[in-house]
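All remarks here apply to the structure that follows.
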Amino acid sequence: MEIVALQILNSLFYAAVLFLIAAGLSLIFGVMGIVNMAHGMFYALGAYVAAWSVGVAGSALAPAALFIFLPLAAVAVGVIGLAIESTLIRPFYRRPEEYQLLVTFGLLLVLEDVIRLVWGGTPLTASALVDSLGLVQIGGLPYPVYNILMIGVGVIAAAGIWAFVYRTKFGVLLRATAQDRRMAAALGIDVGRIYVLAFGLGCFMAGLAGAIVVPTQAAVLGMGVEVLVIAFVVVVIGGLGSLEGALVGALIVSALRTITIQFWEEIELAALYLIAAIVLLIRPTGLFGRKT
Amino acid sequence: MSLLRTENLKKHFGETRAVDGVDFTVNEGEFLSLVGTNGAGKTTLVNLISAFLSPDSGRIFVGDRDITHASVDERIRAGIARSFQLVNLFDDLSVLDNVALSIFAREGKTKRIFALAERDAAVTREALDLLAEFGLGGKSGARARDLAQGERKLLDVAVAYALRPKLLFLDEPTSGVSTRDKAQIMDTVSSVVRGGGITAVVIEHDMDVVFKYSDRVVVMHEGRFLADGPPDEIRRNSDVAKYLLGTDV
Amino acid sequence: MDKEKLEERRGFLKQFGATLGAAGLGAAGVGSAHAQAKPKGNIPDRPVKVGHITFLTGPAELLGGPGQRGHILAQEEINAQGGLLGKRKIETIFADEAAGTDANVKELRRMKLSENIGLFTGVISSGNTPALGPVAEELKLLTLFNDGCTDFLFDKAVPNPKYTFRVTNIQSADGITAAIGAATHWPKARRVASIQPDYSYGRNVFEHFVLALGKLLPGTEVVSESWPKLFSTDFTPHITKILAAKPDVLVVGLWGGDYVAFYKQALRYGLFDKMKVATTLAFGGSPQAIGKDHPDGVLAGVHANYHFLYPSAERWPINKSFVERYHKRWKEYPSFEADGAYVALYLYKQAVEKANQLLGGWPEDEAIIAMLEGAGINSPAGYLYIRADNHQGYKDAVTGLSKRLPGYDFPVWDPASIVSIPIRSITAPPNWPKPGQGHNESTAAADWIKKTWPAARSA
Amino acid sequence: MSRRAAALVAGVVIVLALVPVVLGTYQTQLLTYGLTLAIAALGFNLLLGYTGLLSFGHSAFLGTGAYTVALMMRYLGVSSLELFILGGVVSSAALAALLGVVCVRHTRIFFAILTLALSQVLWTLAYKFFWITGGTDGLRVPFSQLTLLGGLINFPGADAFARFITYYYYYVLVLFCVCTALMWLIVNSPFGKTLQAIRDNETRARFLGVRIWRYRWLAFLVSGIFTGLAGILWVPLNGLVTPDVLYWPQSGKIVFFAVLGGFRNFAGPIVGAVIFNYLEVYAVAVTQYWQITLGVILIVLVTFLPAGIVGTAERLRARLKKKRAEQFS
């Protein structure tokens, strides 16, 4: 029984991470119509920056104080995103999709090596954060408080993004631009500004995902490529460009993964891709995607 | 006898009744103009007949065959072709290929995969002749996107015409071109179409053009037929004057 | 651990001629600048080009980096002595194994056909040696793999090697060594759970561990299997699944970043308190990759090859001086990959010198190969010998229990717990039928164990 | 085809035919890789360049061709390359026909992601069903067990590799020429023109009575067969097939070919594939930072040379012509 509880928590934690990544991916696609192949690398960057800064400051600061580095890492990644959008991505908005896909694919290759140049091959960890919060007993089994906290963060993030997109003035502009670029421009919206902010926000979310994951796992080379295809599966199921979709997709994928691991491991990966393919077949725009 | 007939054809977009119970008849061999203010429902009517849209209710007949639910290609085989108001060409293909494609499609040759298109002498000749008729003979090698607006308009018509339909719908063949080009385009189109013995329905705004070229004029207003008759009769029709020409009698 | 338990376990190990907490015998060996016999004949002084493909990028850089550094150390030492036979300096071309099997094959051909290398070394992935071995043979390129240890290489891919050799113990030794270690320290274990990276290495470990343990301990059963994808970092669902199965012992074939992520998560889920854990590669990556939070009492494998603290300094000075030189050069402790790459080059040097003593001048490849077949060398890891029949290197397999000792900011082996097994006791003897020759086991070793090991008498 | 173009082609073929004589084994085998990849690029570009569909799952066909060969060798003891080609073409055609039905109902990014997802299903199968596919160990396809021209040519003995490469190069070269000619015919056939029409203007094509998705499906099929053939010819060179060949970055490489050479251009992908092959080999050889190298090249390419190498070259030529014309007039 307690095992079930644990598995549910596991899959919720994983879902929270997936949601942050996929929502960023979806936001960028929804607003600028770009499928960002390099999105996974921003997740990896978040993990590395967080682990590295925690490692550096670890001795100086109290564990509790180290938590500040998680949001800071995410912000740093967001800023990197802003820089990349305004230099590399911007020229591609009016270009065909294949070019947008390829420039981000190139970016993926570059960032993978950049991370290695900066941090080398040895995995970075930040487990101090998890330890500082200790464990709770769930039916006699220990479970890290940190994970539960981060599930909470995921929920808050989801709510925050929702409120941001549907309740703020900027959100209105964002959706207007997503609906119709030309119309938005005609209405005097500074589309360029919207784009750069959307991209930055997307990267921030991916970075946050990496930052909250790294204390429970480790920052390793290749983690960005690893997560990308899964994030694709999530947004495909949920619907490209839809935040609700990213949420539901993340929950479905993480649950599916946990269940297959528990009961029928051989099909874990195949199941994910098949589900994605099937959804695309029945609803090409995903469960929540709007018609394009 | 009637070539095309619609019965009580309806298409509503929410509140707007684009086509609201139209009984439309086109007779063999006539050059018919469909006129009306913007939003009168002209283009919607053509879209319904050409299967670009499907009607809410009503029926469409070619001869005595019901084609209300027929697919696009079925209607084309039934002899209905159309051009588009906003020019709709294969921009990266040559002018010749644009027309040749219609001919290949007409003759069911588009599935030929192991034969050079340009080696099909019959098709090429027909295409070149056609372009000559439309006064595009000199441009056959150019890419469609490199043509002038007037030429593009003509090519758009030519592509539809090359299907050799029984009934050809031309959606504003002269929109967006200079008055001089208008005359030239309409001269060409009407002479070719009449010469080919093809029935044509032209959507047109410019009443001078309409009165000059048509055998029959149908006036639409708010999704219904307001008037239907030969040009002189329409010219005298006061409603038409009121709604269309905006001049009170 | 208390005296009589220790004795009991030593007794158990006798059947393998294996030892607990001690081994090794002094000898001169690699790296030590002992007097060389003067080279005979005239030696050209142009350099010898050597190719080395290993993981320089990606998650496996954790293994490849030390390998590259071990190679460079040996190269620098040999060149400092004037080069091979005192005349020929070693020039190495490195390439990244992470470029993929296809690219590695192309690169190996380039190294030989375009750069004209005289020796090829390196290669870590057990997916790549079966691809590169045959290529080396077809190129007639003398090759000393330092890992890529799958049995598949000499069992199937290159059944009759001429040019290809390998200096590390074969893969099947990993699972068997872990099994013997587990049976030694936890004789009561019966319920077995497993978590392995989902590729050939993981499956090899699982198969041989279960097979061997079944022979060693009566009535063992597998109660849970987990196969996470290689290079994934979230193991929590697997860990929970394992907890649910309530095993006595868990066998872990994860390595590098995967293992780091795994043990940190397992720690928080209290996994280490609920079962014994036997790993094949916990200390196999770079030793310092494992943090202070790693629990004691885990059977920490080193790919059945080498850990820098064993053989111990007093018993085996060769190792002591190697570790010192390596640490001085790279500010880190050597891994088994470092040892493998380092020894490969010295093995070549030794063969070249022997051949030169016999024939004079710079020896033909055939002569060097003849000297390599059956060759033995005192390596940091102990005595290493190359079997003539399959060109496979053999050295005592070793493992031990993790312990946090003063002097290191990462866990090492509890000296008293180290199990050292003569490799001949856990691998099929020369000319044992290979898979497909009268049996269809996945490896010769598996067939040999099934046919020759006595079944455990139920206690 | 103009006389000048014909002469150019003839020249290229002659030069290619001389390669083994002039350049020796290493360069020859490198170019053999290039030519096989070029066949894959040809197939891929029928979809991207001529039908306007970006597939991010063409590794599926490369892999199917390769694995068919390996499985036939392993389980049926086949050794004749002609039989491999037969089997491989059939299997990749079957796969393409199947995936085609699913994929061509969508376009643009959805098509790309759908092909990606489905190709990854294949990857997991090759990866997980190791008792059949050998998993990550893969399956061996040693050239020593290969025979060409129905057993007339085989490769025993000492200098087998050099001999193999020479013969195999000419074998591949012939097939490459056949494939190129065939593809040139296809893209200039009424069918090919129809594809381009669909690419340029789907709506109008429909109003010529063309049933769009049938043509897309057929294009998908042909494309898959070409890429499958490339996989068949590639595997004896590599000597081994592993799931890598099915993994999605492999598809990324194929897209790279087309963009490098220029996909709005018949010769573009061919040139792109050959050049990419050299690019990769030398990037891996000279630097451990090959990823960053390829990445930067790709970014620079799509940013500044969207028409690709061949496309840009042609534009320059056209501009020069124009200049000259102006001078003379």
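We just call them A, B, C and D in the order they show up, numbering each chain from 1.
Definition applied: a residue touches a chain if its C-beta (ideal position, glycine included) is under 8 Å from a C-beta of that chain, and two chains touch if they have at least 3 such contacts.
This one's a predicted model, so the numbers in the text were calculated from it and none came from an experiment.
The chains that touch subunit B as well as subunit D do not exist here; no chain meets both. Note on interfaces C-D and A-C: more C-beta pairs are in contact across A-C.
Seen from the C-alpha centroid of subunit C, the farthest chain centroid is that of B.
Distance between chain centres (mean CA atoms), subunit A to subunit C: 38 Å.
Averaged Cα coordinates give subunit B a centre that lies 79 Å from the centre of subunit C.
Computed from the mean C-alpha positions, the centre of subunit A lies at a distance of 34 Å from the centre of subunit D.
Listed for subunit C are residues 57, each touching two or more other chains. In subunit B, no residue touches two or more other chains.
In subunit D, the positions touching at least two other chains are 127-128, 291. The full set of touching chain pairs reads A-C, A-D, B-D, C-D. By the touch rule above, subunit D contacts subunit B in their complex via residues 185-186, 188-194, 196-197, 199-201, 203-211, 215, 218, 222, 264.
Contacts from subunit C toward subunit D in the complex involve residues 56-57, 93-96, 99-103, 105-107, 109-110, 113-114, 126-127, 130-131, 134-135, 138-139, 150, 152, 156-157, 198-200, 203. Every residue of subunit C that touches subunit A in the complex is listed here, in rising order: 57-59, 61-62, 64-65, 225-227, 229, 231-234, 236-238, 240-241, 243-244, 256-258, 260-261, 264-265, 268-270, 286, 288-289, 291, 293.
Taken in their complex, subunit A has these residues touching subunit D: 35, 88, 91-92, 95, 97-99, 101-103, 105-110, 112-114, 117, 225, 229, 232-233, 236, 240, 266-267, 269-270, 273-274, 276-277, 280-281, 284-285, 292. Residue ranges of subunit D in contact with subunit C, taken from their complex: 24-26, 29-30, 33, 127-128, 130, 135-138, 140, 142-144, 160-161, 237-240, 242, 244-245, 280-281, 284-285, 288, 290-291.
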